[in-house]
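Sending over a structure as C-alpha cells; questions will come in a sec.
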Amino acid sequence: MPKTITDQNLRLLIDALVAEGKRVVGPRAAGTMTLYAPLAKGEELNLGELPRRSAKETFFPLCETILTYERDKEGVRVTDVDPGTIPGTVLVAARPCDVAAAPVLDSVFSWDFKDEFFLERRRKTTIIGLACTRADDACFCTAVGLSPNDTKGSDLFLTPLTDGGYRCDAITEKGEALLATHASLFAEGDGTPAPLAEPSLGKLDLDRIKAWLDTHFEDPLWGEIAERCAGCGACAFLCPACHCFDIVDEGGETKGTRRKSWDACGFGKFTNHASGHNPRDVQPQRYRNRIMHKFKYYVDKFDQRLCTGCGRCIRACPVGIDIAEILSAIGTRDQEPGTGKD
Amino acid sequence: MTNTAQTIDPALYAAVTDAIRAEAKKVLEAGAAAAVVGWQAGRRQGTAMPAIITDPAKVAELIFSPACVNNLALYLSKAKKEIRARGRIAIVVKGCDLKALVGLMGENQLKREDLHVIGVVCAGVQRAGAAKDIPLSEETIAGKCRECTVHTPEGADVTVGTLPDLPHFTPVESEELSRLEAMTPAQRWSFWKEHFARCIRCYACRQVCPFCYCEQCLCDRNRPQAVETTPRPAGNMAWHIVRAMHLAGRCAGCAECERVCPMDIPLNLLNRKMAKELKELYGHEAGFEVKEKGPLAQYREDDDQSFIK
Amino acid sequence: MCDHSKNIYLPQLATIAEIVDETADIRTFRLVFQDEAVRDNFSFRAGQFAEYSAFGAGEATFCIASAPTRQGYIECCFRAVGRVTEALRSLEVGDAIGVRGPYGNSFPIEEFFGKNLVFVAGGIALPPLRTLIWQCLDWREKFGDITIVYGARTEGDLVYKRELKEWEQRGDVRLVKTVDPGGNSPDWDGKVGFVPTILEEAAPSADNTIALVCGPPIMIKFTLPVLEKLGFADSAIYTTLENRMKCGLGKCGRCNVGNVYVCKDGPVFTAAQVKAMPQEF
C-alpha cells in the first residue's frame, strides 16, 4: 500500500531523525551552490537544484583518516580507526543518478578485501531517493539505462505529486523500517505523480559501445577527443561513480595521520612510478582509461558500469568534453577491430 | 562607447566566425600553419569548446560566440607540448587571451615567429552558469568582460571584427575588489579561509592556467612534501597561496581559474588583488609587452626594503 | 593495535632485524613482526607482495623476497628512488616499519613439480624470483634441473652476492652470472654480455621446463624471443609485473593494465597473459 508525505512532514521527518541522533544528509544550500551536506533541521533541505557534488561522499568522503601513528624512542605506535564508529545515517532526497551509483560501488569496495569504511557507511545508511522532475541538457541517465524515477539503490523512494507532497514507496526492509518508525508522518494513499524529467539524449546501445571498446584500445579517437583535455580532476571528483583514491601520510616523523583521499586517473602523476616511468604518460592514454574503466573494465570485472548519467562531468569540464557525446560517437563507430590489442 | 540597448548585438560574433573560418582556411591551405587552435560548438545548444583543426576542409567547425570562454593560450604552453610539436600554429585569441600569449613569450615559452595570431574583436563572453544562447546582457556577461579594456587585441597578425556599441555594465569586479580591500586583515583572512576550505583539490584552476606549465608542480612534489595533498584546510590554504604567489606579476587576468572552479572559489579576485599590488608597488602590469622577468622574479638595489624588519 | 581490526589498510608493525646493503643503493631488510601471533601465523606464497610503510612518508610496494619455507621473518629488497624508499633507507636495525599483506597471486609452484626450471633475472629484479628459488631449493627433490641466469650492469649491481656464491657452490644448481660489457673487473669469474645473449648461449632445454623471467622491460623484451627460439611456449614462461599501487587491494584504481589489476590478478603472469594485455605498462 503506497503512502504519501507532505513537504512539511518530510522536513519534520528530518527533524525527528536528527533528534534520534542520526546523521541526516541531504541537499543543502551552500553559498553559491547546493551540496549534499549534514542537515541540522528539516528547513535546511533545499530541493531546487542538483547538488554540485554527488552523494558518493556520504559513503566515500573526500578525505578520511585510516590510522594515526606516533613515534618516539620506545618505537612506533599505530592507532587504528574503527569503521564501526561510523554513525547511523539517512541520506534524504538524493537523486536517482546519485543513488544508483552506491550499489555499483559496493562491488569494488567489497570484492575479496572489504573496505569497511565504505561498506559500514553503506550498511548504516538508509537512502531516501527522490524522483527527478527537471533535467538539463547535460543529464543523460536514460541514455545509460537508468531513469528519473529509477529506484536502484534507494530504500525508500519519493515521487513528487502534482499537488505537492510525495508518494512514498518502501523499496527495501530498511525503507519499511523507517516508514514504520515514523508512521504518523505518512498518510495512506496515492496521488498523481508530477511529470518526470526528460533527459534529451536517447538510450545508448551500451553493449555495442562495450564491443567497440573491447577491440579499440588503440584508436585515433582517443587522441581526437583527449587532445583538449586539460588533465584536471573536476570530472572524477564530481562523478558519483569514480572511486580512485590516494593513500598518504601527513604529519611528521614523530606523529601524523594516514589518510585516504579522492584521486583522479586524469592527473598526470597518477600512475607515475618512483623511477620516473609512467605507463599512462600522455593525456589521451589517461582519458582512454577513464572511458575504458567506466564502460569496459568495470563491466568485465563486475558486470556494471561506472556511470549513471548525472551529467556533472559535462557541466564541470573546463574544456567542454562531453562524455555523452563521446559515447554516442562510439556507438556509431565501425566495429572493425582497431590496430591495438584487447 | 555606450548604447541604449541592454544587450550586445550578436551580429559581431557571426561576422567574426566567418572571418575566422576564412583566415583558418587560408593559413592551412597555404601551409602557413600546421594547425589552427580555435573554438567549435559543443553538443549542447549554446556551448563551445576548444578545437584543434588541421584539415582546411574542417574550418567550418570553427566558431566565435559568447560561449567561447576558453583561453586557448593553454594549448601552446609546455603542458601541451604535443600540439606545438606539429609546427607553426595559428591561434584565435580574444584580447584577454592575447595577454597570456605575450606573457608566455616573455618567459621564453613561445616565439612570436612560430605563431600566426588571429585576433578577434570581442564584446564579451558568458559568465559560468549563465543561460546559454541569448544575447549577452547584465545577467549573462562574465565579470571580467564588464570592465574589459582589450576588446580589440593589439599586435595580432590579423584582427577580425568591428566592435559594436556596448551597453553599460555594472563593474562587479571592481566592486568585489573594493569590498575585499575594505576588510580588515582578520576579515580578509577568514574570507579566504572560508573559500579555500571548499577546495577539493581537483586542480582545474592549475590545469587551465596558461602560466601553470611547470613540469613538476610544487604541489605534486613529495621530496620534500611542500604542500599537503589532501583536501583539508591547511593544505588547501598552502596550495592557494603558492598558486597566487607564483602567478603574481604573470597572471594576465583571463579568469579561467575562477570560471572552471567547480567549488566557485573567487580565484581571479585573488589574482586581481595581487596584480593591483604589483602595479602600485612596481608599476608593473602583466601581458602588455614582452618582458623577460616580472617584478617578483628579479632583484634591484632600489627595491622597497621597508617590509624587512 | 587491534588484532581483529576491520581496517584493511591497517599495517602490522615489524622490526628491522637485519640490514644488508646489496649494492650502493639497494638494500635488504629482514623484518620480524612485533606481534607474536602475527609472526607465527603470517604465511604467504612465492610471488606475493606487500605494502611497506615508513610512517610519515607513506607506503611502498615490493615483493616478499624471502622464501615461504623460511619462517619467523620476511625480507624485502628495495632501491631508494622515491619518498618512501628514501625514508625506509634512513631506518636502522631495531626500527619499526608497517607491513600490509601478503597480496596478489603467486607462482603456481605445485604445477612446477617434476619439471626443470630456468630462472632469468636482471638487476634488482632478482628478489621476486629469489623467493621462489629458495623455496625450490628447500624442496629440491620435487624439481628437475634448476638453471639460474642472472645479470646486472656491473658486478657492483648484482644483488644477493653471498647467495650467488652459495648457489654456485651447490652441486644441484647451474648458475650463469653475467655483467654487461664493461661492467666487469679483471677478476670477474662470470660471463660478460647481456642477459638475453647469455641465456641463448647457455641454451637450457625447453623440454619439460618452466622459465621464470624477471627484469627491466628492455631485458624482458629481448629475452622472450630467445626463450621462444629455445622452444619455450608462452604458457611455460612466467614473469611478474609491477605498477604503481596505493592500496594493493584492488580498490584505488591505479595499477590496472587494461582490465587486469596487477595487485589482484597479478603480479604473476604467464607470457601468454602479458602478450594479451594492452601495451600500457
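By letter and in written order, the chains are A, B and C; residue numbering begins at 1 in each of them.
Everything that follows uses one rule, which is that contacts are C-beta pairs under 8 Å (C-beta built on N, C-alpha and C of every residue); 3 or more make two chains touch, one makes a residue touch a chain.
The structure displayed is predicted, hence computed values, not measured ones.
S.K.: Quick one: point me to the chain whose Cα centre is farthest from that of subunit B.
M.R.: The most remote chain is C.
S.K.: Count the touching C-beta pairs: is A-C or B-C ahead?
M.R.: A-C
S.K.: Please tell me the distance, in whole Å, between the geometric centres of subunit A and subunit B computed from their C-alpha atoms.
M.R.: About 31 Å, centre to centre.
S.K.: If you average the CA atoms of subunit A and of subunit C, how far apart do the two points sit, in angstrom?
M.R.: For subunit A versus subunit C, the centre distance works out to 38 Å.
S.K.: Provide the C-alpha centroid distance between subunit B and subunit C, rounded to the nearest whole angstrom.
M.R.: Once rounded, the distance between the two centres reads 50 Å.
S.K.: By residue number and range, which residues of subunit C touch two or more other chains?
M.R.: Within subunit C, the residues that touch at least two other chains are 82-83.
S.K.: Where does subunit A touch two or more other chains at once, residue-wise?
M.R.: 246, 248
S.K.: Give every residue of subunit C touching subunit A within the complex, in rising order.
M.R.: 1-2, 5-11, 13, 53, 55-60, 81-85, 96-98, 242-244, 246-247, 249-259, 261, 264, 276-281
S.K.: What does subunit B use to touch subunit C in their complex?
M.R.: My answer: residues 222-223, 225.
S.K.: Write out the stretch or stretches of subunit B touching subunit A in their complex.
M.R.: Going by the criterion above, the answer is residues 42-45, 47-52, 70, 74-75, 79, 82-83, 198, 200-204, 206-208, 220, 228-232, 235, 256, 259-260, 262-264.
S.K.: Which residues, counting only subunit A, touch subunit B once they are in their complex?
M.R.: 30-33, 52-53, 62-63, 137-138, 227-228, 230-234, 236-238, 246, 248, 250, 259, 261-262, 264, 267-269, 282, 314, 316, 318-322, 324-325
S.K.: Could you pull out which subunit A residues touch subunit C in their complex?
M.R.: Those in contact with subunit C are residues 66-67, 69, 71, 75-76, 78-84, 108-109, 111-117, 120, 217-218, 243-249, 251-253, 256, 258, 260, 263, 265, 270-275, 279-280, 285, 289, 292-293, 296-297, 300-301, 340-342.
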